[in-house]
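Before anything else, here is the set of structures, which you'll find just below.
Look for subunit A in each of the two complexes below; its partner is subunit B in the first and subunit C in the second.
On to the complex of A and B.
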């Protein structure tokens, strides 16, 4: 079982040091520290285990270190920054493992950019030695790349030339979209196995600054200080501890404090249930800080995040996730209000940004998502996003026979109108009603209102509203039919339907780049007996089928 | 600019007729000369040195002796005679005609090989630039400068390949070779062994014996290359490299001889009091230089090395004389691996183990010189034997990089290493002692006290010959 929880005290591959407003995350990958046997993590190459630690560090820096305003990514190895994803690891991984690995690493790179852009915690990168493939892509996720100009240190994306695959962690996209490297230069660069050094790297905007070796420290300090100076993070605040999650895993269930997952292996689905808070939230920022990791929105974000990662990595055959909620809508609305009323507090901001990232993770998950809105459920505000993220939602019209609970309702809130934007930078409601501003406004008019099935259906917020006579068959058949389809076709279909609207860097990475990469990952030219990934490291040359498809 | 190219730059590559190459080298030459002035042997510009200059590849053409001022040394460009109908000798292209141009798909790999090799040539000149101040004799000083100018010529040889076959990228790489400098904190040489200063003549002799021998093995494996100009260039360089190793082997032999003489003369086992280098100190320097040179061969298992082999770019030592399929698709080769606190040999794909095989060949070759030195000790009736440390000792690269080992190959703890390493590697005190012996001797025929006279002079000249004239 792949575990996603880590703690800095037990990092094997990274060294996190903090001096005042500047943190340094130094990569020093243990060669024998691979997550699986069969490969050696030479030259700061990484596998999922290395990246899980990176993700942990990125998260903790945001929550546990409000004082940190700039984060330097560097290497503790001599003359090598990072050689990218370990190729032997990729070569022995199944297709599913490769895709999951790339998705997770992409999400972490996006989280790094999110921190720089929204959290006042800006990343920069100091490259001494070679930054190749995923190593350079990690650098590309930062806001300022400093390259040592020593006639040796270089940045490169050698995947096409050496491995017959793509730089799949956003490299191609960030070159032309983020850094505006001219496409013909990018084309040349991406076919060079040895990459580009010094002056030309700067001229082509592959890096932001070149410095002599002896000036690297100064340059890093200068840039970090400039980043720190423009940050709005508080200097004197105390961080909150991301305490270990309480999680009980059994054969057919996973239970956290607020999130529970029932694993239905016969039906090939997981039922994810999220419970609303049981208490009203603290009234002010100080109260939120005092609750820390126990504050409901943060606790739910962490639990949901872990559950998504766990199910993705360890339960690939549970192809449908059924999303349910329970509890009091007022309390969710109050928790949302606590976040939004304190939006200028660093911690409240972090929690909201984290919730946004968790829902984004759900959006790019290759599972069918079906939301069930029943009596007792609580699709309000933040939790309404679950229904909006689902591929389909079913809301019971009325009550079940013999059930005295009031009929199901859902309640839109301010959280549904911007703070939890999707990868396309639109809210899920805006994406749902793309180009139909009046429909968005109609929902906005119902802000804070408990909508019954008919009202929700009228507003277009749910897919179907069967009554209690039809409910069980409708839902059962929907889930059973889903399980009968090709999982690949479903993944492709869902990924295309979920992201209406404008393209962004993120949608391109998860759409265009990942889709092409995942196609190439399947092709004999990469993974066939004589393919480049298979042959890499053997000294035997790859043989390609040269016909263009 | 009109230049008599054959006179100024002796060559057999048609430099006079090749506009592209001429333009490139003309632009590069001033930078090279500046580099020699700034980073070549210190205060040597006005010396007349009795040097050998290669002016052709015909028999005898590579050994023309005469007094030369080093800035005016004629650095030539020579390729060994072409072999008619030469074929690629190994890898996936075995049997195909050898390439006279760089194959497009191997451009980056070939350039990298040439740059890595080329970078070591000027590096050693830089490492040795202060040694002239403390020469033990004119004979030795002349040998030092001979080594230096030939390393300079080897740089020319590599630059010729870069200029002649790699276009703009090649020219940039050639420039960069003059911009990196040994030990420069901002722009160091590529390989770490070439960033350490050569602080004394004992180190110089050790360097020419052990590290230049690594150069021999690298050049020999590049001489097998399917890229014919590289092969021919390296074959010619090997003739000069042999002299460098002679300087090392004979230098150490003379030091050993002097130590034995002093021990016998004064009937002592500890001859330092008599101003010579004692055998245990020699052993420590040997341990240091041998282990550092082993690192130059790289990891035991190397994807790059395997790729170079399969591509036909870099072969094994004396590839053509090896009796196998020269493809190594299924062959195995034993490589060391550390398991727990023991080194064990495991069978690995021979293709990825070509570095290790080259290292094995090198170790055998190193042992030969030790035999000669030990004969000197034995003949003097002294009970001492110089030994190569086991390859687990003092390694920074490869399977043994993460462990500590005695010279005998027993894996030990970090604590034991700390306690005992001064007995195995030159201590600060040893280095200070050797340094204290380094005083210049420049009277023709005279030798410093710590080194015996050579058996014979250079080019049939007597030992008293004035190998250098100071003006």
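On to the complex of A and C.
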């Protein structure tokens, strides 16, 4: 079982140091510290375990260190910044593991950019030695790349030339779309195994600054100070501790405080249930700070995040996730209001941004998502996003026979209109009603209203509203049909239907770049007996089928 | 060898009839008329051969029939519109053939939309019977879909449910991005093998109009008349004949009038040479009409189009295309001027739009493109697009030893600033300098100027400018390196680097949808021994690995 929780005290591969407003995350990968046996993490190459620690650090810096305004990514190794993903690890991984690994690393790079853009915590990168492949891609996720100009230090994307695959962590997209490296230069650069150094790296905008080795420290300090100066993070606030999650994992269930997951191996699905808060939220920022990790929105974000990661990595055969909720809509609405009323508080902002990232993680998850909206459920505000993120939703029209609870309702809230935007920068409601502003406005007019099945259907918020007589058959057939289809066709279909409308760096990375990489990861030229990933390091050259597809 | 030239007189699968401003393209696929042996084209299912005829018809309607303002796509078969791509054909095709087939069908669907949008020749679709898979995707490429409401006629995308693959001809993207079908409804629709009929099809915007069978003819006539009424095509003009191309194919060369291709099987590359016109163009529209298919821009467009299609389908092992040109820049500039000065003439417009489509075809071609700019070459205006479409360009700085010709120059022209836009709706120069308007303007300031290597390099128009001493080694190494890499990694890399900036329906179809389809086409769930494509029609159900990737 792959475990995603970490703590700085037990990091094996990173050194996190904080001096005033500047944190330094220094990579120092333990060669024998691989998550799986069978490979050695030489030259600061990484595997999923190294990246899980990085993700933990990125998260904690935002919540536990409000005073940190600039984060320096560096290396503690001599003459090497980072060699990228470990090739032997990739070579021995299954297709599913490779794809899952790339997805998670992409999400962490996106989280780094999110911190720089939205959280006043800007990342920069100091490269001394070689930054190859995923190493350079990590640098590309920062806002300022400083490269030592010593005739040796270099940035490179050698995947095509050496491995027969693509840079899989956003590299190609970030080159041409983020850094606007000219496409012909990018083409040349991406076919060079040795990469590019010094002045040309700067001229081609592969890096932002080159400095002699003796000036690296100064340059880093100067850039970090500039980033810190423009940040709106509070200097004197206290962070909150991301305390360990309460989680009980059994053979067929995972239970957190607010999130529970039932694992239905026969039905090939997981039932994810999210409970509303049981008490009203604190009214002001001080109260939110006092609750810290126990504050319901943050607790739910962390639990959902962990559940998603756990299921993705450890339960690939549960192909459908059934999303349900329970509790009182007014308490979710109150928690949402606590976040939005205190939007200028750093912690409230962090929690909202985190919720946004968690729902984005759901969007790019290769599982069919079906929301069930029944009596007792609570699809209000933040929790309504679960239904909007679903590929399909069923809402019971009326009550079940013998059930005296009132019929199910949905309650749209302000959180559904922007703060939790998808990777395409639109809210899930805007994406749902692409180019139909009147339909978006009709939902907005129902803000705070409890909508019954008919009203929700009229507004286009749910897919189907069967009554008691049809409910069980319709839902059963939907779940069974899903389980009967090709898992790959479903993944491709969902990846295409979920993101209508504008494309962004993020949607391009997950939709275009990852899809091509998935394709290449399956090809004999990469993973066949004589393929480049298979033969890498064997002393034998790869042999390719030259035919273009 | 797959041959792409066709003529209406010998169509086997389509009946083209023209009545005044309305053309009808009726599908009537000959069951025994497959391009390859081994399958029967039942129920108006199609293979590449059927689609090549469709492409021919779409082209000829634009050039040979200026009077046609509306094109009706219909079926001559009883109770079936079109069953989509033939599954037995897909099942027996190689991966390369499947991908190439999808690319070509996509390009033809895009050409249909291009005609509707830019050429005053709008397509509509009349569906009586079932339109399944690629059949419905063909309908989606038209601007108005009329479905007979008879309790039987239906539209469907049954690929996921029946075949374990995606609708591969833009269906998913057109559903949510073009027709704005709500994503949850699209999800449901795309998992139904039987599709959706009548009122629900209309409510969900899967079609634009439903009519009783008895009213179909009227509805089609009404819509065609409305399309015709809004068209700006001339009523009284005469079309020009797309006469057969002069083409000589030998073992190692293809020669047209203006385009020649040398096939270097040892070096795994094709050298495509395009010659400038040898005489000044006609000055006015009448002169262009008089030249017809012999007018240089149209002749070059047709020859390049055929060469690209030929090489893609028949020479997959020639992984690099080296693009060269020759002749007088002023004659290309004059031909460009003839097109642009007569931009309001229907034929000049058609030729420019066709050139645009040909360069787009180059952009989505899975071959490395290297432009060589040498003394005697002619990268001016329209032909400069070849260098801008290339992944990389080399321009000789100075002369070769013993060569008395003047050094090579480039000449930007107005054609490089909009008329030949890429699929992302930007010119290749705008894409090249994404977000750097000043660099675009600097090139614009050089309009009509012959730029030597240094000047072209300063403006960022070429990748490298080696001199005589370095030229041969640099070019040789670039071509050799390309041939040594994994063909798949190159394809993925090029597909990602070529389209920076905004995404459109077209870039999504080629970049996102096709990439996922390519991936799925490789997966055991589709093409393994027990895969859905393999088992389709065998009477045995497919068996899937349920694990999600």
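Rule of thumb we're sticking to: the second predicted complex is superposed on the first by the 549 of 549 C-alpha atoms of A that agree within 3 Å, B and C clash if a C-alpha of one lies under 4 Å from a C-alpha of the other, contacts with A are read in each partner's own complex, and residues count from 1 in each chain.
The criterion applied here is as follows: a contact is a pair of C-beta atoms (placed from the backbone, for glycine too) under 8 Å apart; a residue touches a chain by one contact, two chains touch by 3 or more.
This one's a predicted model, so the numbers in the text were calculated from it and none came from an experiment.
**Student:** Between subunit B and subunit C, whom does A:538 touch in the aligned arrangement: first, second, both, or neither?
**Tutor:** After superposing on A, A:538 lies in contact with subunit B but is clear of subunit C.
**Student:** Answer with first, second, both or neither: which of subunit B and subunit C does A:292 touch in the superposed model?
**Tutor:** Once the two structures are laid over each other on A, A:292 reaches no partner at all.
**Student:** On the A-aligned overlay, A:501 touches which partner chain: subunit B = first, subunit C = second, or both, or neither?
**Tutor:** In the superposition, A:501 touches subunit C alone.
**Student:** Should A:432 be classified as contacting the first partner (subunit B), the second (subunit C), both, or neither?
**Tutor:** second
**Student:** Residues of subunit A touched by subunit B versus by subunit C: which partner has the larger set?
**Tutor:** Comparing subunit B with subunit C, the partner touching more subunit A residues is C.
**Student:** Now for A:194: first (subunit B), second (subunit C), both, or neither, which partner does it touch?
**Tutor:** first
**Student:** Which of the two partners, first being subunit B and second being subunit C, lies in contact with A:161: first, second, both, or neither?
**Tutor:** Once the two structures are laid over each other on A, A:161 reaches both partners.
**Student:** Scan A:151 for contacts with subunit B and subunit C and give back first, second, both or neither.
**Tutor:** Touch status of A:151: first partner only.
**Student:** Now for A:120: first (subunit B), second (subunit C), both, or neither, which partner does it touch?
**Tutor:** Neither partner.
**Student:** Just subunit B (first), just subunit C (second), both, or neither: which does A:419 touch?
**Tutor:** The answer is neither, since A:419 touches no partner chain.
**Student:** Determine where on subunit A the residues touched by subunit B overlap those touched by subunit C, and list them.
**Tutor:** Dual-contact residues (subunit A): 161.
**Student:** Show me the residue ranges of subunit C that touch subunit A in the complex, using the header's touch definition.
**Tutor:** Those in contact with subunit A are residues 95-96, 99-100, 159-161, 163-166, 172-173, 175-177, 180, 182-188, 190-191, 268, 316-319, 366-367, 390-393, 431-436, 460, 462-464, 481-483, 485-498, 500-503, 508, 511-513, 515-520, 522-523, 525-526, 532, 542, 544-549.
**Student:** For the complex, give me every residue of subunit A touching subunit B.
**Tutor:** Per the stated touch rule, the residues are 149-152, 161, 192-194, 212-215, 536-541.
**Student:** List the residues on subunit B that touch subunit A in their complex, please.
**Tutor:** Subunit B residues touching subunit A: 92, 108-109, 111-112, 176, 179-180, 185-188, 190, 303, 305-307, 309-311, 328-329, 349, 351-352.
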